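In what follows, structures are represented as structure tokens.
Okay, so chain A shows up in both of these, paired with chain B first and chain C after.
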Partner chain A sequence: MRDNTLKYLLVLPAILVVFATAIWPLIESLRLSFTVGRFSVPGSLEQYLGWENFAWAFTQEPAFWNAVRVTAIYTVLTVGLTTTMALGLALLLAPGGKFRAGVQTILILPFAMSPALIGVSFRFMFNPEFGLFDAFFGVLIPPLADVSWLADPILAFAVCVMADVWGWIPFLTLVLIGGLASIPQDTIEAAQVDGASNWRVFKDITIPQLAPVLAVVIILKSIFSLKTFDQIFMLTNGGPGTATQTLSHYIYFNGMKYGQIGYAASVAWLMVIPMIVLAYAYTKFVFRKD
Partner chain B sequence: MASVILKNLTKCWGDFIGVDNQSLDIQDHEFLVLLGPSGCGKTTTMRMIAGLEDPTDGEIWIGDRMVNDDLPKDRHVAMVFQNYGLYPHMTVFDNIAYPLRVRGTPKGEIEPRVKKAAGQVELIELLHRKPKALSGGQRQRVALARAIVRTPRVFLMDEPLSNLDAKLRVTMRAELKHLSRELKITTIYVTHDQIEAMTLADRIAVMKDGIIQQVGTPDEIYNDPASLFVAGFIGSPAMNLINGSVQDGYFVTTGGTKLVAVSVPDKPDVVLGVRADDMRISEEGEGDIDARIYAFEHTGEATLLTVQWGTQRVIVRGARHLRKEQGEIVSISLGSDHLYLFNPDTGKRIRG
Partner chain C sequence: MTGKQKKQISQAIQIVLILITIFVMLVPILWIFMAAFKNHIDVFQLKLFFTPTLENFGTVFEAPYHLGMKLWNSTIVAFVTVALAIPIATMAAYSFSRFRLRGKTAMLVVILATQFMPAVVIILPFFVMFRDVGLLDTRIGLVLVNLAIVMPFAIWMIKGFIDGIPIDTEEAAMVDGSSRIMVIRNIVLPMAAPGLLTAGIFCFIIAWNEFLFALILTNKDAVTLPIGLALFKAEEGDLWNLLSAAGIIIMLPMFILALIIRKYFVQGMTMGAVR
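And then the complex of A and B:
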């Protein structure tokens, strides 16, 4: 057998697996998004509608726009909070920072937890009867003592954001520590001798040199925030009402719960648009030639 | 403008002593050159003065203020780092302008001052480039410009010309000499280049293993070395060091050759130091000792002869037009001036 043939033969199983589990479902979902696609209506999976599903989402569905709004606010808040807090932690934990060693190891623990599990544990902690956080916030801020967190639309949303930030900080901190460690120490020392205060060193020297890593962190986190599902599913299941219903959750509900698979597929494809933009930006930054 | 005073300065890392209990007074306006082999603690000393390294012990005074607890930014020193420390994300212009900007220099003043400093280091055409797009020597000149663009109280320059070609180095040397005289800023300067040290320094401090061996004017260091180490370290080619003894008022080599009259009491073990320039070459039989030419080198402005008798080799500088062949016999004479005797055990000079 020629080397070339063997080469392709050896990767063939992998290609088949990828095709069966990723590419084919992708194409199939695109096809479905143009069909009536209801589980309850026989033959509707082949009944084509053109762009009607998409138009429906935009014009007839306040719930869709609600999910868009929730997802957008959720993404902006979690990305902003996680990144700033992770950056602060990274500065404290980086080589030459104030704390170090052991802490870094402990730090990774929340990240080792599955998002669904994070959702479950946060639901426990905010339980009005025996929740730890619930009691804790009650003591700290007395007006919050008798509040049922997950029953209040705004507070439930806040808990979702909190759980996400908590789960993601470790990973982003580690990435940023790596980024900080790669900044040459002598540029920082040169700036100090040149007369820069700590704040100016941070603003003029550290941040610009950290920018590529920071960009990657923000983009990656945005992608993950946009597609958040399991945590919300376990924590609030989109409620109360639709107060915490993200797009993924909305898609899941329409597809799996209501059996409107065609419509769900078209909303899923709408979500692909911002994802592609972010993924493109990500590859730009990661594989940038400077 | 200020004096710099080091009092019993020490820097240790664990058991390792980088700088060992050193004291040094550097006058206001003085140009002090720190000279010493690699790893002797020159950079460490500079970094402690700049405030980038905390001394383990001792005091640092700049002017009439002890600065041990002052942040680098409050010490008003400008430093040229050995490895440059340029800001990779800024252009050459912004690199040079940075110390002015953080110190709140009026906008209108910045550009002319940056241009002037860039001109002094011959970088005017490269102002818009990023450091990555520069050669090593160009980067070093950016680092230099970033220091001289300011008027600090003290300049700290850690081998600021080490990466420049010979011609540029001479120009920059003159530029620095001019600048230090004109601005009258106290300067501490590290170099491995003997000519730089000799030409720039008001005083030279020779360091070894974290200890300052001798401080003196270039003339004192060159013509009156206090120890074997200083004698061997200063001068190019290095001073010839010949093992032997003093017997009946004569220096006698270990091989038994009676070399030259010296005015010290008899002593069994001594080292005689004599510089290549302080010996004369004549035809066979005319001088103190005949020796075979082991190597003949032509440096351009002079000739260097390595000659050998027995197992002893010495280097002698000859006239520019001297032409000899390897293997020929010549005669060497040692004047009685400029001979240095050392105790080989302590390394200390033995004075007559």
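And then the complex of A and C:
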């Protein structure tokens, strides 16, 4: 067979799979978002409704705006905290050596843990009666000794952020260590010979050189933060009330628990739009090298 | 203070900070490991020393929990997902790596971008369709939707590995009269084997840990391990010793797999954006 035919035949199955499992559901979700789409009403998945689902979300649903707010604050906090802490840890671990290499290996473990399990383990740690972190924070910050973390809206949110940061620091650290390793050492040494302080070296050499990797890290983490579902579901299930209800959780509840699949699809598509922007920014970095 | 002393102090501070980090990173994991070997009563006290028991690991496999069935479902679903994804992805990755294709960049961008779409968007139409064709609560259904999250990773990761294989050997073999198919089978596949194994393990971990799809699509027959975690609730609250035992069964195999491919873990997750 000639290469000219073969090369297309080779990609065909993969393209079909991606189309059937990812592109089609996206298009079908878009179609559903313009329908009445209720499980309890036969035929409503084909019943055209126009923009009403979207209008409903924007004007009639405080819960939608709550989920937007929760997701936004959650994303800003987790991206900011995880990136800063991972950068600090990466700088600590970058020098290498046996000890630090061993630590890097340990760092892989939290990342291989299923997010659902991370949610469970943090619920365990913050159990008011016998949770380890609960006891720990109680000793460290006495006013927190008797609070029930997951029953308080703000503290429950804080626990969700903590669980996320805990789960993501290891991975981002490993990525940043890779980035640090690619900075030419002679530039840094030359600056040090000229008497530049560590802070100056960090600010004027490390950060600018690391900028592309940092950008990738921030985009990638933003995407995963915006999508957050598993941990929240296992940790607080959106509660107390709707204090930790992210957009994914809100969509899940409207679609699966209330059977309003048309409305859920429209909110889901509102979420796809920022994703496309972020994915576009990400691909810019991937293809920059080619 | 001399410069040398300063350096030593700075080293000491760094070591302390690293040790604190390890502690924070490992404590939740170790706590689960400990709870899994505690009996029901010891869990409810913050005990560090206790008589370990293997009882929990037996209980989770008995009625009413039947974790064995979930373990089987998780294993089958992850294996079949990988077995389908890797050959298909390898073919595509080879073509993307070696040939000029019309619309290649566009295809690669779209494949990459689908990875970032929220799972909850993908699953709504699948739920409707599976309900109509009777695929709800089946392992086949789960495999199909898992392909949505695994394929982009597999294609990008394997393309990265094949890009790294020098093209000269292939060209020499072609000059000697080998066909393209023979070249792929006799030269590319053996050389890419470690990469394919790495990608396979990576996809296995993703499929194994997958939560949202299984939560929505399964309720009884095809329930996987992560969803099984929700079982360990009783009227008096969560059964933490059993939850922990189940947690170990979920995470320990993944820890081992992740350590095997640790060199490529970062590369896999960033799909080549960071090397």
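Points worth noting:
We adopt the following convention: the second predicted complex is superposed on the first by the 268 of 290 C-alpha atoms of A that agree within 3 Å, B and C clash if a C-alpha of one lies under 4 Å from a C-alpha of the other, contacts with A are read in each partner's own complex, and residues count from 1 in each chain.
Convention: a contact is a pair of C-beta atoms (placed from the backbone, for glycine too) under 8 Å apart; a residue touches a chain by one contact, two chains touch by 3 or more.
Here the structure is a predicted model, which is why all the values come from computation and not from measurement.
Of the two partner chains placed around the shared chain by superposition, chain B is the only one that A:P184 touches, whereas chain C remains out of contact. When the shared chain is aligned, chain C comes close enough to touch A:A279, but chain B does not. Of the two partner chains, chain C is the only one touched by A:V18; chain B is not.
In the superposed model, A:P208 lies in contact with chain B only, and not with chain C.
For chain A, the partner touching the most residues, choosing from chain B and chain C, is C.
By the touch criterion defined above, A:D194 lies against chain B but remains apart from chain C after alignment on the C-alpha atoms of chain A. Contact with neither chain B nor chain C is seen for A:D146 once the two complexes are overlaid on the shared chain.
Applying the stated touch rule to the two superposed structures, the chain B and chain C interfaces on chain A have no residue in common. Residues 50-52, 71-73, 75-79, 81, 83-89, 98-99, 102-103, 132, 146 of chain B are the ones that touch chain A when the two sit in their complex. Listed in rising order, the residues of chain A touching chain C in the complex are 1, 3, 6-8, 10-11, 13-15, 17-18, 21-26, 28-29, 32, 45, 89, 92-93, 99-100, 103, 105-118, 120-125, 127, 129-130, 132, 135, 166, 169-171, 174-175, 178-179, 182, 213, 216-217, 220, 223, 226-227, 229-230, 233-234, 247-248, 251-252, 255-256, 261, 264-265, 268-269, 271-272, 275-276, 278-280, 282-283, 285-287. The touching residues of chain A, counted against chain B in their complex, run 184, 186-187, 189-197, 200, 204-205, 208-209, 211, 290.
Interface residues of chain C facing chain A in the complex, by the touch rule stated above, are 14-15, 17-18, 21-22, 24-29, 31-32, 35, 43-46, 85, 88-89, 91-92, 94-96, 98-99, 101, 105, 107, 109-128, 144-145, 147-148, 151-152, 155, 179-181, 205, 208-209, 211-212, 215-216, 226, 229-230, 238, 240, 243-244, 247, 250-251, 254-255, 257-259, 262, 265-266, 269-275.
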